[in-house]
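The structure under discussion is supplied below as structure tokens; questions concerning it will follow.
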Amino acid sequence: MKAGEEVPPAVHRPGRDRLWFTRSRGYAVFVLRELTSVFVAWAVVFLLMLAAAVLGGRLAEFAALAARPWMVAINVVTLVATAFHAVTFLNLAPKATVVRLDGYRLPAWLIQGGNHSLWLVVSAVVAFFVLRGFG
Amino acid sequence: MIDVLIVGGGGAGLRAAVAVAETDPALKVAVVSKVYPMRSHTVSAEGGAAAVIGLDDTLDEHCYDTISGGDWLCDQDAVEAFVAEAPAELIRLEHWGCPWSRERDGRVAVRPFGGMKKMRTWYAADKTGFHLLHTLFQTTLKYQDILRYDEWFVTKLLVDDGRVHGVVAVELRTGRIETVHARTVILATGGCGRVFPFTTNAAIKTGDGMALAYREGAPLKDMEFVQYHPTGLPFTGILITEAARAEGGWLLNKDGYRYLQDYDLGTPTPTPKLRSMELGPRDRLSQAFVHEQRKGRTVDTPHGPVVHLDLRHLGEGRIEARIPFVRELCRSYQNLDPATDLIPVRPVVHYMMGGVHTDLNGATPIAGLFAAGETACVSINGANRLGSNSLPEILVFGRRAGIAAAEFAREHREPQPAVAGAQGEDERRRLLRARERHEGGERIAGLRERMQHTLEEAAGIYRTGGVLAKAADTLADLRERAEYARVEDDSGPFNTELISLQELRGMLEIAQTIVACALNRQESRGAHQRTDHTARDDATYLAHSLVHRAPDGTPSVGLLPVTITRWPPGERVYGRD
Amino acid sequence: MRRRLEPYLWLLFSGGGVVAALLLPVLVLLFGVLMPLGVLEWPAPEHLSGLLGHALVRAAFVVVVVLCLFHAAHRLRFTSEELLGIGRFDVPIAILCYGAAVAGGVVAVTLMV
Amino acid sequence: MTESRQAGARTIRMEVARFRPGEDDAPVMQGYDVPVLPDWAVLDGLNHIKDRLDGSLSYRWSCRMGVCGSCGMTVNGEPRLTCGTFLTEYGEGPVRIEPLKGFPVIRDLVVDIDGFLAKLSSVRPWLIRQGEEPPLTAEYAQTPEQLEAYKQYSMCINCLLCYSACPVYVLDPDFLGPAAIALAQRYNLDSRDMGDRFDVLSQDDAVWGCTFVGECTKVCPKHVDPAEAIQRYKLTAALRSVLPWSRR
């Protein structure tokens, strides 16, 4: 319990810093990391369009659309953004999931390494099915 | 009206607060502290806290180590009470959550410590005080009724007719000056290392409580006993804990020689041996440094002569596991790594054995006024405190003072006399005057530095009558000059200049008592070494110094017999079995 | 109300983050970059519709879409609030973001059933 | 410090934020020239100003060994412990010293941290046990591994650098914030604790307010890693919400 609080003290309350995310590299990286979500959303929309085209028999039309230069440009950025998302997200995973073996926690790099290996394997499997499948 | 007002939110103050709350929840208890409690200096203690726990250890052995370590100037009844209650206090702290370091089987671990014959120093790595204080502070949060005055600075005790009635304090945040009425006051304001220039003590350790009590007529005890710790970092005075030596560190002179063997402290062994060599008591180790310096065997640096603490042979693993904070401090503040480099160290003012004279329950001669912790002198530390005795001391005697004050407050429920209010009003006016602008005088810092250097010269590791007498004059002069110090800040909120000035005022009086007591004690004992009286003189001085403030404001020193129960004075033997 | 929802939203967000991390880069690389640029051939339409013919793949597709959209919605909600300092409009923003995610989910479901 | 040593020393410009309540509407910067010696911390520079140039400057400090947690300030835009930040780090200077961001300023470099103390109490940061306290003859057993499980979170010195670095907190002062949550986890993960802090921690303004910016962990001088503490509790809290019968 805190004593003696009747007088509201005169203090200075600094105003909001609108450009806070430009104040340090850390903040800027954070904001970039969060903004990858825009591209995650776009990637999903793109996939939905692809699926709709495949199921509607309009794959050629879709391929033409996807080949437009601005579309390619967007998707290159999307690739970079989703890859950045993947790296940061998989690196941060050990923070929430602390694994303990025999009382001592597994080092972060081990979990991160595991995550990244998983990423590679999943990517390879997906590529395999998309490109060749079993057929 | 507060029942128990505790001045100080360090280990002693917080322990007292819990004791009051547990004794009688109906009592109103408050903690006033000039810094947030968890910033108190207890937070800096590193090495550990001693209490008998091992099967091969006994209370009597802890008593003997403490008493011989204190060169027979400890009150033995106090030591017995302390040693008997220390284990329960440390266990209680464990029950409150303190993260003590552990053995493999889950019991708390103990380490050796200077001057202790058995391993009985509990530790939480090398941040013992930090964990102890935070555990205590967090535990007090459980008691919603403990009222906290955080960042309030007490400037005066209200005392009338030999009875305390409260305090006057400045609320730092607003600058408001308040009289707080209380039935009892416990002083737990810590030590006064800042009267010296080179100290391990934090900026807040200005001995305010000692000065508060002394000014109202309570005597101070054994003020000449100032502990130098042998291993401080040369520029900052940051402490390298004794645990570094307990873990096996060596002290080397400039030739790489373990010089302690030349000073009757035993023969070097590769692994640490209890009560021997580097694990001797602090007074003897610091004195050995001075002799090495005189022989030209120390290393010169821009910050004065040093010797080296060598931890390299312990290896990185052990350093990380047992004394990681030592490594962190060396890296951050000295730019070296103890795993590969020698650490430069020199003796540094560390602890005040003396303080406000109290009985076993912390009661001072002023009714209702209690003191506990480093600010008090019960006395269990005698002429030289053993490392790791003071953390348990603040717990044991903090609790005792809390219980005794609660008792007193329950029994004395008479209303406050009008004088108390008038005293408060006078003090308020004095403080308002003190923060008026005054451009003429000397700077507070300048006066403080003069005082510190005077004290270092006169009341350092070795002392001489002539120098002490001269210092007494200088201090009297400084006291006058401080009345006209330069004041640049006339504002209310967070006026730290006003606080510095009040602290300086107190420190000057304390410095005077240190010099007066040192001058009066014409013998050498423990941390008090007179080059003009080199022998211990039990016939005259097996007694405490008791210093009162005379009506003219000067210190007047008397002697008070030491309580001896079972351990007659003997020779202090280290490193010889 | 939000307090009871927040943990679920967070779980969806985290799950979505993992799924998006594992799957999206490779899919965007293939369909968005390599194939349009002609580095790789587009697979035969039958191959792709064959893939989408599996019930398992269809179900997975819906799950992936929903999770990834929730992930994005959650992040966008907080990022917009932090960047623009509009936390006091949290409820409408949340409804907007998660609403869009749900809409995407509905589209996916209608496509797949 | 002796005058002779200062005479030859290089100087550095320190720009210090001054705010006197009642007099100033907003902080103003004031410049001082201060000697830089190799072992001087920013705090030594401030003490030089206070002791020799301008007695009216106010700031907090005490231990000057990085353990009391009182000397946190914004140094050239970054939250730092001024006793552990060397002036030489700033080369030719100038060095800007401002109060910690995100807190109301009481005076000069002193900020109001009472809000934080209230948060600290709200997480019940003490060991919660059920039943009577056993006699004071034996400790609760705890193995070194069990100690290790929470040790890191017990190292917090309440310096508040993490709050100052956290944009969520700066935007929303009601956010429970990194150090308080880390402390709650310190007790949650202590094998001796039998308490439950779900009610406090699972609030909107508690763990769910954190968007994992991670700056708290980056600036923490004691390697507490509050960001990790928060994410771990999110997982705990989420699992408990989904599986209400599971605990911890």
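In this document, chain identifiers A, B, C and D correspond to the written order of the chains, with residue numbering beginning at 1 in each.
We take it that a contact is a pair of C-beta atoms (placed from the backbone, for glycine too) under 8 Å apart; a residue touches a chain by one contact, two chains touch by 3 or more.
Keep in mind that this is a model prediction, so the values were computed, not measured.
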| item | value |
| --- | --- |
| Shortest path length from subunit B to subunit C (each step joins two touching chains) | 2 |
| Central chain (by mean CA position) | D |
| Selected pair, greater C-beta contact count between C-D and A-C | A-C |
| Between subunit A and subunit C, centroid-to-centroid distance (C-alpha), Å | 11 |
| Rounded Å distance, subunit C centre to subunit D centre (Cα mean) | 38 |
| Chain centre separation in whole Å, for subunit D relative to subunit A (CA means) | 30 |
| Between subunit A and subunit B, centroid-to-centroid distance (C-alpha), Å | 55 |
| Set of subunit B residues in contact with two or more other chains | 150, 173, 493 |
| Of all residues in subunit C, the ones touching two or more other chains | 14, 78-79, 85 |
| Residue numbers of subunit A (touch at least two other chains) | 2, 9-10, 16, 21, 34, 96 |
| Of all residues in subunit C, those that touch subunit D in their complex | 2-4, 6-8, 10-11, 14, 78-79, 82, 85, 87 |
| Contacting residues of subunit C [partner subunit A, same complex] | 14, 16-18, 20-33, 35-38, 40, 42-43, 45, 47-52, 61, 64-65, 68-69, 71-76, 78-79, 83, 85, 104, 107-108, 111-112 |
| List of subunit A residues in touch with subunit C within their complex | 16, 18, 21, 31, 34-35, 37-38, 40-41, 43-48, 50-52, 54-55, 57, 59-60, 63, 66-67, 71-72, 75-76, 78-79, 82-83, 85-86, 89-90, 93, 96, 118-119, 122-123, 126-127, 129-131, 133, 135 |
| Interface residues, subunit D side, partner subunit B - complex | 5, 20-23, 39, 50-52, 54-70, 84, 106-108, 110, 112-114, 117, 120-121, 124-127, 129, 133-134, 136-144, 146-147, 150-151, 154-155, 157-158, 183, 187, 190, 192-193 |
| Parts of subunit A lying in touch with subunit D, wherever the complex brings them together | 2, 9-14, 16-17, 20-21, 23-24, 26-27, 30, 34, 92, 95-98, 100, 102-104 |
